[in-house]
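All chains are identified by letter, namely A, B, C and D, in their written order; residue positions are counted from 1 within each chain.
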Amino acid sequence: MAVNWPGQDDLLQWLDKDLNNWGRWGTDDQKGTLNFLSQQKALNAIQSVEHGVQVSCARPVEFSASVDVPRPPQHFMVSAGDTYRPDESDEREVAMDYFGLIFHGHTVTHIDSLSHFFWNGQTYNGRPSTVVSTAEGATEFDVMPSTGGIVTKGVLVDAPLLRGVDYIERGDGVGVDDVLAAESEHGVKVESGDVLLLRTGQLGRRSITGPVDVWKDGSSGPSPELLPLIHEREVAVLGSDTGNDVGPNPYSKFTNPVHQVGIVGLGLWILDNAWLDDLADEYKRQGRWEFMISILPLKLPTVTGSPVNPMAIF
Amino acid sequence: MAVNWPGQDDLLQWLDKDLNNWGRWGTDDQKGTLNFLSQQKALNAIQSVEHGVQVSCARPVEFSASVDVPRPPQHFMVSAGDTYRPDESDEREVAMDYFGLIFHGHTVTHIDSLSHFFWNGQTYNGRPSTVVSTAEGATEFDVMPSTGGIVTKGVLVDAPLLRGVDYIERGDGVGVDDVLAAESEHGVKVESGDVLLLRTGQLGRRSITGPVDVWKDGSSGPSPELLPLIHEREVAVLGSDTGNDVGPNPYSKFTNPVHQVGIVGLGLWILDNAWLDDLADEYKRQGRWEFMISILPLKLPTVTGSPVNPMAIF
Amino acid sequence: MAVNWPGQDDLLQWLDKDLNNWGRWGTDDQKGTLNFLSQQKALNAIQSVEHGVQVSCARPVEFSASVDVPRPPQHFMVSAGDTYRPDESDEREVAMDYFGLIFHGHTVTHIDSLSHFFWNGQTYNGRPSTVVSTAEGATEFDVMPSTGGIVTKGVLVDAPLLRGVDYIERGDGVGVDDVLAAESEHGVKVESGDVLLLRTGQLGRRSITGPVDVWKDGSSGPSPELLPLIHEREVAVLGSDTGNDVGPNPYSKFTNPVHQVGIVGLGLWILDNAWLDDLADEYKRQGRWEFMISILPLKLPTVTGSPVNPMAIF
Amino acid sequence: MAVNWPGQDDLLQWLDKDLNNWGRWGTDDQKGTLNFLSQQKALNAIQSVEHGVQVSCARPVEFSASVDVPRPPQHFMVSAGDTYRPDESDEREVAMDYFGLIFHGHTVTHIDSLSHFFWNGQTYNGRPSTVVSTAEGATEFDVMPSTGGIVTKGVLVDAPLLRGVDYIERGDGVGVDDVLAAESEHGVKVESGDVLLLRTGQLGRRSITGPVDVWKDGSSGPSPELLPLIHEREVAVLGSDTGNDVGPNPYSKFTNPVHQVGIVGLGLWILDNAWLDDLADEYKRQGRWEFMISILPLKLPTVTGSPVNPMAIF
């Protein structure tokens, strides 16, 4: 199945005009599509829970380098349990650690804030990209507007299940037909304020094949043709078990069209590298296709996103 | 009000015997008091939600050094928006960052896993403390057992409100009387699997007074006399708006009795530096004293805890 | 004694024209004033050594935060000696560590490469400042051109000794008169290829007073009026026991005139925060005022300088 | 050529007794073999310089992960030149960076201090290994005693040249015969206070073959049979273009015999991963086999060594 690539001019028109949300929630808006969330929406999702079954959508952080993790997360112990010796002071019996990471990329489950991408020197809502500076970080559009909590309805589109394959190939994407198939076959509906999760099976496959050089071997993810649907349905957060852009792509101007049009134009919050295999399994067990989801980004002022542990509850 | 300090021998007996949970959930148990969580408990908490109002219990991470943050978190931009210049390549229009931190301490909202403290060379459940090594981190008792999600009922004990003061003084603690007063006056009940949150007002006060040298000027927190109640009521997670131990204390052997007896003896998960002022305000607005709480630690293998953004929902 | 501030227009003219070395050593030059070094110059310095007495001009790196070290260097042990226990494996008996730092600033002894400052979007030698990028570091003008070794004659101007005071006050600078006084009174001569070291006594004073907020309380250092002399005498490296700019200054355009005119205009290599008190003491003991100096920056490609341990030999 | 492995019992006897320098320079000694340095020794080396030709013995630090650099050095810009835009403030025209690294290992040119290895819970000079702690670093035997400067005579043993091969194979070592051959054929003499540099050609070869997994594919380096000679000749610093231990080895107790016997028993300072190919070339050009060498470790209190840029001068 080949990706149905929109024309580059279409993407430009979507970004600038058709799907553009600049000013929609005021000139000072920093929340973008999180404006589709609401107390009522959260309540509905909460009230849809039937069993209290929780499924984590995060994969463990790996602290080792690999072909898709050229700059690995760091972990150092500041004190540890092996420093204790019998008959020495009790004082030392504490463990503490330092960890640090570049969460953007292809392996850490994280959310992108609206400062992760720019277009022609502008951010979402038309601010100059200089508001995100090397010296001070994201003085606007950091992850903070999301830290009041993303609690809403989640919808999973399990593209391999729908297509009857093991996984969506690198270079292929999850498109409009997959979403519509999920709606017709699984009885779900992508609605305003939802977290839309697209499963390709690629992250689970990495556990089998080992790390993959996504810059060389390509990647799966949402097809950019989904952008109008995402806009129309008022999706709050788009996520998948990939870096959320199909590669390679045919464009001269767009390296990451879903991020570039989505973040800059729509103000779309994106969840990268979500672990969706357990969710897919639970889905099948439950026999129902709606769930509550909680995404609780860390309160990291001036940071362009956050590692997260999204939790689906049935 | 003075802290009613238990005798040191009592603490030792609690740790070793009276409140000791070693083996209670099997010799291989890594979850400790999270065993009090259950699907039914989660469902009950979820079904108690009436309005969908969300209140974050995290304070923003500060990236600057201060008297109580001697080793500040780090934040570096790997790419930023101010590097863009008109008429140059689009490729550069992305922002990425590195952040890293020692989350243990007195300012970052975080959860301690069961490897954070030891006693006489042993961890909770009687394993040698060498399982937490300088070179490899927490090979057991890391934060992973909590990453399936802590979704349960939360109870807030607002000690200053109950006592009619602005805040609990440094050197004073929240004790059994405060919890019982909350139960009788606010109609709450601390039950098996609950997250018990004790508010002292000290973290909010830091916003006014500026950073405080807790090692010199003391700290508030849960009094160790609470430990039997915590054990009896089967509290899953104990949290407060402090580092969760009163300082200074009168003991020769215990620097942090709540952590030392709680973590090592009970297998108690502890939430440090929670931001409870917004929760206290919402409490008053809601006129009800029970809420659902979600704590979703990051999936950090071998790490002794995680920064978190706990979310209360009414 | 007040600083004899040159006019801002003079500084601009120096930078652009009078003292400007762009193209002097070719359009591709990355060495700037290190071109004044030579094999013969090194040999002369080496042959001037009489006793083999070595004096380090570095101060110890401090790993703790203070008012002039807001982002302190980091040091973590990856393995350590306290992890050993009797009768356990030998394998663990190794210590390793991670250290990291922002060396620029006011406490670490370090050398600035020619990418540390820019002027109107240009580097030394007229390259666009974009050659030093957030994502890739200093793709030009990094510290590498100095790593063949700076071995040459050193000259110390001990300004407090010459003026008969304990130290040069913050807000005051070491000027032309001080250098000329050193030449006439101490029989030294600042010549082509020399490392010129200006002592203010301020770094030694910090050991007594504790950390000082240089951004608020000012700083001593070389007066910008020295720049023509530095140019004329063909100084290879300018150093002092300060951050090498007097603060505050009267300019609207120049925050750090010595750095800005020196680095960008002259291609001057600057040694910040050198420890000169031991050197001053040795000076007095030796009764002679010339020495060999070795500065051996680390081979750090794309980095804008290096911490160093400059060694004077008499 | 096979390594002539000493028996394990010999190594133990060397460490404990025959080559043991504990107490030789006092019970408080922290300098070990640097005690062989002297002002006169430095002066002799300085006076042996004929031409002023400088040759760096450091290789550039690599900031990317590879099979022999699993935890790569870090480099982040705190401010950079690409953040400047025409007609904006001059203030931003500065570049600063953070770099950090684990220098021990197989690629960074660095010196080991006497806290890098332990034996049975003891350091060199019989102190408990607990003086090097996870929480505080090397409270003894850090790199500081070397920061007064290592300026002395250097001797290069170019083993491949002497053997008429391109490089010494992994698994093979540079042994006594190589050193004696260098002495008889090249007219050098290894004497008290010298820096002895052994070239295998392996680091240069890495530039051709790419990174090698030394833990799997083995390593070259000094054979442990050299230890008595090193002791007898009173070598101050032993260095090579390897990690300084041959691997694999036949011992059950020694993973790194040269480090373990050398550092702990002799108090030997070791220079790892020196770049010796340029030195070998210069050697051939000069037709003489003695040189002055300067090793100037950074002043890093509590750190177990330092990256360095050793400079040979002919």
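Quick note on the criterion: a contact is a pair of C-beta atoms (placed from the backbone, for glycine too) under 8 Å apart; a residue touches a chain by one contact, two chains touch by 3 or more.
Remember, it's a predicted structure, so these values are computed and weren't measured experimentally.
Engineer: Between chain B and chain D, which partner chains are common?
Structural biologist: Common contact partners of chain B and chain D, which must touch each of the two, are A, C.
Engineer: Return the chains shared as contacts by chain A and chain B, ordered by label.
Structural biologist: Chains in contact with chain A as well as chain B: C, D.
Engineer: Looking at A-C and B-C, which one has the bigger number of contacting C-beta pairs?
Structural biologist: More C-beta contacts join the chains of B-C.
Engineer: Tell me whether chain A and chain D, two copies of the same sequence, contact each other through the same residue numbers or different ones, using over half shared as the line for same.
Structural biologist: Same: most residue numbers at the chain A-chain D interface appear in both copies.
Engineer: Averaged over CA atoms, how far is the centre of chain C from the centre of chain D? Could you give it in whole Å?
Structural biologist: Comparing mean C-alpha positions, chain D is 27 Å from chain C.
Engineer: In angstrom, rounded to a whole number, how far apart do the mean CA points of chain B and chain C lie?
Structural biologist: Measuring from centre to centre gives 47 Å for this pair.
Engineer: Please list all residues of chain C that touch 2 or more other chains.
Structural biologist: If we look for residues of chain C contacting two or more partner chains, we find 74, 77-78, 80, 82-83, 85, 92, 98, 130, 133-135.
Engineer: Testing understanding: with touching defined as stated, what is the shape of the graph linking the protein chains, line, ring, star, complete or other?
Structural biologist: Shape = complete; every chain linked to every other.
Engineer: Quick check on the complex: what are the chain C residues that touch chain A?
Structural biologist: So the residues of chain C touching chain A come out as 74, 76-78, 80, 82-83, 85, 92, 98, 134.
Engineer: Write out the stretch or stretches of chain A touching chain B in their complex.
Structural biologist: 38-44, 46-47, 49, 51-54, 56, 58-61, 63, 74-75, 77-78, 80-86, 90-91, 93-102, 104-105, 109, 115-121, 123, 128-135, 137-138, 144, 147-149, 151, 253-256, 260, 292, 294, 296-304, 307-311, 313
Engineer: Show me the residue ranges of chain D that touch chain A in the complex, using the header's touch definition.
Structural biologist: It is residues 64-65, 70-72, 74, 77-80, 83, 85, 92, 130, 133-135 of chain D that touch chain A.
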